[in-house]
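Same chain, two partners: chain A is paired with chain B first, then with chain C.
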Partner chain A sequence: MSEEDRHFSAELAVIGTGLAGFAASIFALKRNIKTAQVGNTGAVAYTTGYLDLLGSLAPDYLASIEDPWQGIEQLRDSHPRHPLCRIPKDDIFTAFEQFTSFLGKCGIAYTPPGEFNVSGLTPAGTLKPTLCVPATMQVGSAAFSQKEPCVIIDFKGLKGFSSRQVVANLKDRWPKLSSKRVEFPDMVSGEIYPEVMARSLEVPATREKLAKILASAAGDVKVIGLPAILGMHAPDLVREELEQLTGLQIFEIPTMPPSVPGIRLREMFEQLFPQKGVTLIPQQKVDRLVFIENGAQLSLNDSFGPISIHAKSVILATGRFLSGGLKAGVDGVSEPLLKLPVTQPDSRREWYREKYTDRRGHAVNSAGIEVDSSFRPLDNHGRPYSKNLFAAGVILAHQDWIRGRCGAGVAIATAYKAVEEVEKLLK
Partner chain B sequence: MTQKQKRQTVETDVLIIGGGVTGAGIMRDLAFRGLQTLLIDRKDLCAGASGGNHGLLHSGSRYISSDLHSAIECREESTILKHVASQCIEETGGLFVAVEGDDPGFAENFAALCQPAGIACNPISIDDAKKLEPLLSDKLFKAYKVPDATVDPFRLALLNVAHARMINSSSFRPHTELLHFTLKDGKIESATCRDNQTNSILTIYANQYVNACGAWAMNIAQLAGCKDVNLLYSKGTLLVSHDRLTTHVVNRLRPPGDGDILVPGGTVSVLGTTSIRVDDLITVKPTVAEIDINVREGTAMIPALAKARYIRAFSGVRPLLQSAGGSDDREATRGFALLDHSTQNLSNFCTITGGKLTTYRLMAEKTSDLVAGRLNNSEPCQTHVTPLPDEESCKWTEPGASPKYWYKANDPEDMILCECEMVPQSAIDEIVKDAPGAEKEMTLKAIALRSRAGKGPCQGSFCGIRIASYLYDQGHYHDKTGLIHMRDFFNERFKGTRTVTWGLQAAQMELAEALHCGLLGLDNLENN
Partner chain C sequence: MTEKTIPTLNFKEKAEELLPEGASFEACLTCGLCSSGCPASGIENMDPRKFIRMAMLGMDKELSTSKWIWACTQCKRCQHVCPMSIDISQLVFLARSNWPREKKPAGIVRSCQLIQSTDSTSAMGLPPEDFVFVVQDVLEEVREQQPKFKNMQAPMDKKGAHFFVNQNSREPMSEPDEMVPLWKIFDIVGANWTYSSKAWAAENFCMFSGNEEAWREVIKKRVDAVNELGCEVWLNTECGHSYYTMWNGINRFGMKADFKLESLVTYYARWIREGKLPVNSDWNRKNITFTVQDPCMIVRKAYGESIAEDMRFVTKSLVGEENFIDMQPNRSANYCCGGGGGFLQAGMTEHRRTYGKRKFDQIAATGASYVLTPCHNCHSQIEDIGHHYRGSYGVVHFWTLICLSLGILGENERTYLGPDLLECI
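Our next item is the complex of A and B:
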């Protein structure tokens, strides 16, 4: 294998291929910033496809909130340092708009951001407040609010998704909901996997066979819900065609990970970014990041050897423990790439509350790095680490995206802000 | 749930209170003698020390310096159990090792101390010790081999109960808590219990009442007005590593102290223990400080423990019989006490407490002798000679066994629900149908206790969801209570993971929380 040394240069290097990293590249494209992006597989493959802005409020995270915009106002009083409170609401709105319309143009349609949260259905039959949903899931939220007669369908061999479970938990609020089990075409015995089902639905013949099965399972009912398996690259087309073939309204419900809607996003970005001029190096980790005169040098290695990137600016969007942006050690939480200081509880004793599902959340989940008003990470002296470095996403301190139901919100809004600051720097 | 409390009455020859290994052992012993029993536990089998211990089948050598009598008892009982309950035991063998800083005098003298107890204790060279266990410290200066082994207390308790059920339809009722006794004419007339799942009240009439409540024995005795059970409590904390680090049990060759035993168990190792006096039995859970002490101390024997990945920690309470006194709880007697309460003017009540997992059979025998005698039953004990038969529904607690059964059955329709431990749907079916304590709407906690589900690196975060959805699917769960069972199961597992969540486990935890709370909303069920 050749040991050629590959070198790229860019105006912006985005580190991380989670929602924040992808959003940053999209916003940079929009501003004609020449971008290189590197990232390992991360939480995107787990994500449901729902884009949450803010679904629940600190400090007690009591009831779900209906109006996330007003929720942000309340958050400003209780948690002024929450990343969502440091960005104008108009900018957050624009960020969601740009992000979802970009996805739509690339073949995965989303509902645009609205004034209120919608109820996303979950595989447990619970409801999740979220802002934007993939078009494939939209009918479900609407059918729920209209209480339309509906059949949830599951598949023999697909574990972790039981239509009886969905119905059992929604029945009190959705009396005309029922369940049905069917066999997936050509996969009638043994275990079957969402990803494989989704890819097989890219084939017209499979769609035709499935349409027959769905039509007969629906009986007189006109709306059906399925686990999220409607194709990998053109889910909207798959759904439309199934609707035409069956005469039914069809929607998806997210499954447990690995989740097809998350994989869809990842594969779409991996396919389209290079075409649009982003230098994307997926499935790789940046080993070293050093700042030099007027920029930074990133080093990494893939199976063909070393790669280096010179960039005038960097956005760090490396996520938390799951993605490796933060490391939890016996002695504390650290940021491995630059050794940035991490705001965190004084000792490991305070990381977790006694009760797992405590609504107030666990202290360690609000640990993270500090940034200045331009979203530049701070060093040990409270000064920007470098004028060329910015940060975005859930690596930031003072937010608990899990309890706040604000994962995509933090990622997309802060990426928008960081790219805006990058543009200012480059000018 | 209905507010109305249904009253129910049950009669039995003997009521055994406390479903640890001791209670389960008594149940089987009495069944052999033709006596019908009802075993109850406020939670479930092995909810106390029997589910919170090290799983070491003591050869006796551990107690050789502090308690010769207990050492001999352990040697005798471990030998019997290796014959009659071999399916619950792995004959790993044990090592005692001294490292730099340990008392050389104690180390030299060890074999001589073991001899009067009849324990086979043989010195081996440092080289040989390191060949047996490559992860041992380079600072080793003395090593012995002893016949230690490991035992699965869950399987042991389950099999005892299953066998008693088979012999004479003796039965076990989980989540049945003793609230009070009704006394009459120097006897207990009845026991009033609450079903903690339905909140209904149950009155049990028995001829004899056995208190096998371990650390809770003093509370139970007091409910019968007995003042002769005086216990202090010592809490021990242990942690479970992701991998099995040694093939043998490894003991530190010094008088018992913190973090000085590493016990393998199937695919993992268990490091422990600490010993801390506690005042009550309510807040028994691992603390970060105890974890750190165990790891620090354990590292002296096995340096790899410093960098090991831990998946869970747990605590148990040792009841200390107060008469034993002494300043160090570890030096207090590890013997057991059987009290017939005749001095308390009761002729049909007894208490068995203290002791060890290793001596549970002997404790059961002595208790059964007393109870049977009081009922004029002179059938002899059989538990030391009759092997414990296997039972289909109890086989799922054995580490590494599920994959074996699953491959053998080779049924592609039988899907794996717990991927870490390879627990298939058929295991869940069997447990829900047949396992001791099985019932219609079984909690995930109860199912996990009867299988390996949730014991692997993901600690149930995935299989909890899959098993719940399977149970919905099969019609066992039919409303929101299924979600509550799921939430309770995750909360329970968290008690074990919260102190050992760092490194890879922190990533695991983040994923789990994202799923359970972020997606499914289990932190907000009340408002969903």
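Our next item is the complex of A and C:
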């Protein structure tokens, strides 16, 4: 059968479609850099929607920190090689500003970065220090700090979110909080996923039916919290309409993964990037990456056949173990695409502490690749692997984003920096 | 006669044989993204994540007999959203193959048998001579009654034609006038095309019935027919699975095909871009709104973004950019309508409609008056769920709207137009 190879060329190829990869494409769009992007579903589909900059500090990761900017200053002394310490504060701020305002323009409004962390509610009924929150969740943080009377509502058949659990854990700090369980309109019985509810709330008739149920569940209370189900594609509109229909103030709380806010982001990126001129090849991985004179050649396959991309520069944003950017094997941790050296504990025995739940985290979770001051990955001799290659995101060594609560921070800030360097190179 | 039982498959072992490295079930993170995004989740108390878990736990007996495999349309959306690219549809195919024929849903089995019963490869069993007759008959009528097309051709078995065009059986069988708009389009662009009296039919339920041998035979007949006529392009009509089963089959069975496989949608787009199909949206004075259904068989499972883009280009050219509303999600992330995988033939109406509820919600959220789709199954299913869930939209083929826009849609070619569209003619 005759087939045609597909070939694309770009100034920048972004490898990875996690937060770092998407952020890189946003920053590249802003700088008019012609971009191609490839990647499979990344961790972004699992996120709560909160964009964390820095929530707690090594070595003990004990208390949540209120001022992430000052936290980064402290890190500079204790962990100077942490990626966040290698980027000027103003740049990190601008990166978050550009990222959140892009999301807002594309239909998912976020609070802009501020001077302090805000408290995000979690499905466990705990509070999480984070920098930017989706507009649909903002009222929750405010209601909590005002301790307003509030009902948390959950749904029959929905797993991964229990209003009773949320209330049980928050009750001592939020006395006027109560819980209710209701039935979601027109759902067949059995397990219901938040994604399904969110999509059905994009239908006006479902919103009207739900509004009646919510109004009656709220009673005299004026503020209600729901699991994150307020629409997939137009959450702000769904929330606004439900508020109008019910006369209540409504906010969302993230659910356990797979949660709607992450899927919202992924779908939005996948839909908008091609419209904005990014060549996006979603749900595929790069099989081979070779550097040639003045650029790189990427090879991959989608269901239709081979694709090749020629790019003048490359940003490697392939994440860690979950996404396949790093691989853990019997011989240690490796980077599969280019075989870049990986900074890691000397032996497998040192990967984990004795107790999995140890607050100080595990050494293997700070493994990653090394970069120079321009965010160029280093080879075995400590020299840049290629002048055209940059890296961003959690593939970078010297950070434990889970413990430090700095996942989005590392991804967005390093992507900003890497794109800035790409622009310099292209000039 | 003794009642046949379903043999027990060792799913884990089979998966290891089948799935490429890195896409094995062991890599499953049990994250649930697949189930969350699968319209068949919950049917027969099963979902894709559960299917994998049960396979890993060796619950082979339960899986081997689960009716759910007939509710999974093999749309591959689960794989699309899975961080590990795990493909459940392949195991579903295996499980289907494993059922004794007597136990399989009779409708799918029958459709495959009919396909095998004649050289037409038609799932409705329409023999070659009848097809030739119907085409000739309809052509003569159009030539007589529509002066603009008094010289129109519908070539049959024309050697060396550029396009070998296939035909869904539903038209010659039950709505022959629906063939005409496409002939008119070919006439206008001056395409060098032909039908074939052999292997002309588009549909292929043998793959869905889990009968690999029959699937291979059908594809073989079709490939031979195209090779015999020496056509450069096998041009697939507005039908999703016919494309996929052919394209995938040729690769799977390692067949030699001296031609390209193309979809009509790509050519609509090309002809509009080249000015050969001078459509516009001036007719849509009342701003009637449209959405499109991306058939997974040609978008997610085959061409990907490029054909999705073509579909949108064609739609916007036809109805006006401002009158087009995309479904959410769309393109490769779109939901299967629930008509695929033989679901429409399987007789599991209640399950099929449960599956289709997602599609209905998607359409209702757009508020569009019409759904355009280049797929026969999508067309039938979307109409059915529209009635069932009391929607108010219509479903139209692209060829209908193209001819409407060109002002050449004949009296008998307007079956799918509602009063609002009829007024625009």
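One rule holds in what follows: the second predicted complex is superposed on the first by the 424 of 427 C-alpha atoms of A that agree within 3 Å, B and C clash if a C-alpha of one lies under 4 Å from a C-alpha of the other, contacts with A are read in each partner's own complex, and residues count from 1 in each chain.
Just so it is clear, a residue touches a chain if its C-beta (ideal position, glycine included) is under 8 Å from a C-beta of that chain, and two chains touch if they have at least 3 such contacts.
From a predicted model like this one, the values you see are computed outputs, not experimental measurements.
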First, second, both or neither for A:Lys89, with chain B first and chain C second: neither
Which of chain B and chain C A:Trp401 touches, first, second, both or neither: first
First, second, both or neither for A:Pro282, with chain B first and chain C second: second
Touched partner set for A:His310, first chain B, second chain C, both or neither: neither
Partner chain in contact with A:His233 - chain B first, chain C second, else both or neither: second
Partner chain in contact with A:Thr48 - chain B first, chain C second, else both or neither: first
Touched partner set for A:Lys209, first chain B, second chain C, both or neither: neither
Touched partner set for A:Leu322, first chain B, second chain C, both or neither: both
Touched partner set for A:Ser64, first chain B, second chain C, both or neither: first
Partner, of chain C and chain B, that touches more residues belonging to chain A: B
Footprint overlap on chain A, comparing chain B with chain C: 43, 46, 190-191, 257, 322, 324
In the complex with chain B, residue positions of chain A that touch it: 43, 46, 48, 56, 61-64, 122-128, 157, 159-162, 164-165, 168-169, 171, 189-191, 254, 256-257, 320-322, 324, 327-330, 347-349, 351-352, 354-359, 362, 364-365, 401-403, 405, 407
Of all residues in chain A, those that touch chain C in their complex: 1-3, 40-43, 45-46, 188, 190-191, 193-196, 199-200, 202-206, 232-233, 257-258, 263, 267, 270-271, 274, 280-283, 285, 302-304, 322-324
Chain A-facing residues of chain C, complex: 22, 29, 31-33, 35-37, 41-42, 45, 47, 80-83, 85, 247, 250-251, 255, 257-261, 300-305, 309, 328-333, 354, 357-358, 361-362, 364-365, 367
Contact set on chain B toward chain A in their complex: 285, 287-289, 292, 295, 412-413, 415-417, 462, 465-466, 468-470, 472-473, 475, 477-480, 482-483, 486-487, 490-491, 493-494, 498, 501-503, 506-507, 509-511, 513-525, 527-528
